[in-house]
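Some structures are shown below for you to check.
The same subunit A turns up in both complexes below, where it pairs with subunit B and then with subunit C.
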Partner chain A sequence: MEGSNSDSVRKPKPYRSDVPVRDADVDSAFKYEVADKFGGEGLLRCLKCGACSGGCPVGSVIDYRPRRVLGNVLLGLREQVLVGENLWLCAACFTCEERCVQEVNFTDVVTVLRNMASEEGHAAPGYVKMAKTVMEHGRVSKATGHVGKIREELGLPPFSEPDMEQLHKIIQSSGFLEIIEANEGRESEE
Partner chain B sequence: MTEAEKLATLSQMSPTQTALVIGGGVSGMQASLDLADQGFNVVLVEKTPSIGGAMAMLDKTFPTLDCSACILTPKLSEVARHPNIELLTYSEVTGISGQAGNFKVKVLRKARKVLEDKCSGCGDCVEHCPIEIPNEFDQGLGFRRAVYVGFPQNTPLVYTIDDENCIKCEMCVKACEREAIDLAMKDEEVEIPVGAIVVATGFELFDVSKYPRLGYGEYKNVINALEYERLINAAGPTAGHLLRMSDGKIPKSIGFVQCVGARDVTNQVPYCARVCCMYGIKNAVMAKELQPDNVKNVTVYYADIRAYGKGFEEFYNMAQTRFGIEFIRGRVGEVAENPKTRNIEIRVENTETGEYLQHEHELVVLCPGILPPKELRVIASELGVDVDSDGYLFVEHPASNPVDTKVPGVFVCGCAEGPKDIPDSVAAGSAAAMRASITLAKGGEV
Partner chain C sequence: MKMAIAWGCLMPTRRSLIGYEAATRKVLEHLDIEVVDVPNETCCAPFWMQSLDLTTSIAMAARNMAKAEEMGLDLLTPCSGCFHSYKRVNYALEKYPELHSRVDDILGAAGLSYDRSIEGRHLVDFLYNDVGVEKLKQHSTVDLTGIEVGLRYGCHMLKPHEMLNIEYSERPTFADTILETFGVTSKMYTGKHRCCGGLLRGIQDDLADMVLHERLVDADNADLDGLVTVCSLCHLQHDMGQRIIKRKFGMDELEIPVLHYPQILALAFGYSPEEIGLTHHTVKTDKFVEKLKKLGGVA
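Let's look at the complex of A and B:
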């Protein structure tokens, strides 16, 4: 009895990510470095079962798999993970955290990885741009006259100006400036 | 022997010659038979109206595809007819005291409302009963009356009246020529002296509705594996016709979702339930076996296939090569229903290729893991035996003393100790019987 779907059996297609993995690209301590950071603890519990990818709304439209990000971290592909754009595709919707049976907390792991990437000057251009807007205006986007008008119509008080002096103190003491410096010029790469 | 005489005999048992077996599944049955064949008396307590346990509900066994009932039924009769076995079905253990060689066990005989010594199992009462309710034995897919046997091989073949649903119309009383029905029957408790105890309380199926993303209870064409077993069972509610719930059609494409309630720390089941991979493959094979022309596509979505036993890996290979079953490695992310066709779309990543798949199936079967039964904790605390973090009984040593508990004279077999398949449960039943017989032969000395 031969079923109609037997041809595809036992012949898995090759991974679409870059194969083969070369020894020189592997940093075996990378996963521990990530797991040691706050939010990265769950990483080592990953079974690579794919439940995260199966529910990922980003993955349903583009070639992005949370499991592959985790897999690459566990493999130790430091460069590929931190430099690539994959890291910045997560929409932080937390569906994968909901689906995960091992409490890996993928969104938290991604936050750790993004921080690491940013410190090394690999932040995504859009994020650098946004960070600069915050530094300049105290907001993630500029306040426009249009919003002011709507607020007036609704009888809401006008936006209060953010306290830039306080903000700059926070930015300086939190190490935010160094991260922005490390990513200098990245915002125009978009 | 009337019920009163039976209870009087039980309370006068000689403890050094008698063992108690709690649970009448295949493991407890094996333990009872092995003890009884050595000449000891056995009191076998089972809480449902029939012995047989979960194995009686199954259609086939893996990896040989033997008919489950064909293996089990002879054992059922053997237990029922064995002169050394006192069968107490529809009964529960409510208290245990004493020590090895001299335990005192309190057993509650729930009122069955049918006299076991008079009922011949003819079933004349059934057609007169006006009440129809879902049959627990068929996982609620079929119906039974308020006076019922769960399945044709009910052992002992004695009917039971379900007090909760009975309306006391007494139609059955009038219909019974043997005057076997006594609606005034009351629960009774008896204290039985025994020398050794074998715990064989079995398992409970994981409740798959704890995964809302998999749609069980929300979509009609998502069922669990035990419901599927009843659907393909010739003695089941559809007489063995595989069909789906929404429209009664034979499903042309079936998806099996593995690891539902197993290896999942978020649902407090961090352990592998051991049996689901193999019963999943078996059920996939059975779909092709039963409907070779109609069922075109059978796909199993798995996290890891654990084909660890004798002949299991070969069975897994045969499922792929001979039956053409497709295996996709990836835990299912979520399912959705097509409101027009009521088909179920499975969303999953094929982790071997990295592809995101949206596969539509006409029927989806969730393969749940297994849990320790809720009552096990109560029995364990009565016995003074510890349970492990997963809720199963602790044994003295999992490798060298796998059926001894820390309490002398108390032994464990089957899934009460941890998830087991049928061969392992039977082996553990025999082992526990042997260990218990040593306690009895030494008069309770340890």
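Let's look at the complex of A and C:
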């Protein structure tokens, strides 16, 4: 109904790969590597039926298809899957996970893939930035003075930033600092 | 009844979301349910954080749960993102023993332990299953008959149902049932159960706008007095995001008030629009409040 206006909106680039697939781009062990991680075990059950793509709310506005992501992982196109923004287009609505007859759990597979990408320094800069806010303030959103005043007006208890000691220890011992380090300097790219 | 409660990051700190906290506190107080805030609550590490590292995220969520466990209380939350994170903790620790021992080690390094003796609970599920529709009805003083809303359950209270175990997500009804108890008409409309694109905000803003545009066109066509959202992200998208969509897609007439779920309960319990933060939303809620007044639903 707003055709002419929505055409002017910049659409993210479709991520359709170059065809044909070359042997050199295929890592045949990739799917086992993914299936071996927490949440990745459903991958090998995928029949590529496409029920995931059919319900995808992102797929209804751009050329993004969960089935194609799964297909690329099963094919072993490691680099194409892990590098670039395509991996970060899932909105985590879990509709595909809910509808999948094979219990592939696509959204969990996405988490596994994103964890692998993050470890290699390919995390979405926006999420890295949010993580840094959490590492500094304990939450992803800071309270402003204006908000403090509204809280007072509404009779809500004053908001204070949490004590950070335990959170810092968790982040230090979990290896999360190394992941942030691997993605250092990429926030400005966006 | 006594519960620990976690508010999440957004609700206490964002102008348009404070009404969610205010209404929730009033509703629980009105129902004589005692809640204790989790001390020093930190980020629950929801899906975006899990994208960076699942193990760290589970440990972060388990930290808040450990605090509730110390008090011997189940952990209630009105935030669907938080709920999803807390449900994932028990689910993942049970399913993956190796993850369990890794998380135990991480928590141990921070002087904490978590034994999975408590559950994460969603406010709306708690109201329906533990408080019950009958009791909610008995406590209401205002009839909201005539109000027509579009209820958005959001994704993270329901999906995947295998993990969250509330109600099958394709055609849920429990949250509509509560609204209808107070006389509200909860309309079925296209896109009611579709994702708002909230988690794409901050990493794929154009895409988040495109998904939201579809949702707002759907809602606009449904001729509603207002939208009612359960999820904080749904609210940020539909309320704050509505301004962006208006401008970007030339939808000048678009003006749909977006209420938080417990605000409807608070109105039915006789609280005024002002004391539940309705004046702080981005899209003015005046139209909605006017209609309430006309129907005699507000003092």
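Keep in mind that, in the parts below, the second predicted complex is superposed on the first by the 173 of 190 C-alpha atoms of A that agree within 3 Å, B and C clash if a C-alpha of one lies under 4 Å from a C-alpha of the other, contacts with A are read in each partner's own complex, and residues count from 1 in each chain.
Just so it is clear, a contact is a pair of C-beta atoms (placed from the backbone, for glycine too) under 8 Å apart; a residue touches a chain by one contact, two chains touch by 3 or more.
This is a predicted model, so every value here is computed, not measured.
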First (subunit B), second (subunit C), both or neither touched by A:R68: first
First (subunit B), second (subunit C), both or neither touched by A:I179: second
Subunit B versus subunit C as contact partner of A:G50, first or second or both or neither: first
Broader residue contact with subunit A after superposition on the shared chain, subunit B or subunit C: C
Which superposed partner A:V83 touches (first subunit B, second subunit C, both, neither): neither
Touching partner for A:V101 - first (subunit B), second (subunit C), both, neither: first
Touched partner set for A:S60, first subunit B, second subunit C, both or neither: both
Subunit B and subunit C footprints on subunit A, overlapping residues: 1-2, 5-6, 9-10, 12, 60, 98
Complex contacts: residues of subunit B adjacent to subunit A: 213, 259, 263-267, 288, 292, 296-299, 303-304, 320-327, 329-334, 347-356, 358
Parts of subunit A lying in touch with subunit B, wherever the complex brings them together: 1-6, 8-10, 12-17, 45, 47-56, 59-60, 63, 65, 67-68, 98-103
Subunit C partner contacts - residues on subunit A that touch it in the complex: 1-2, 5-6, 9-12, 38-39, 57-58, 60-62, 85, 88-89, 91-95, 97-98, 105, 107, 110-112, 114-115, 118, 123-131, 134, 138-144, 146-147, 150-151, 154-157, 159, 162-167, 169-176, 179, 190
Complex interface listing, subunit C residues touching subunit A: 9-10, 12-15, 18-19, 21-22, 25, 37, 40-43, 45, 47-56, 59-60, 63, 92, 96, 98-99, 105-107, 109-112, 155-156, 159-161, 169-170, 194-195, 197-200, 202-204, 206-211, 213-214, 217, 248-251, 275-277, 280
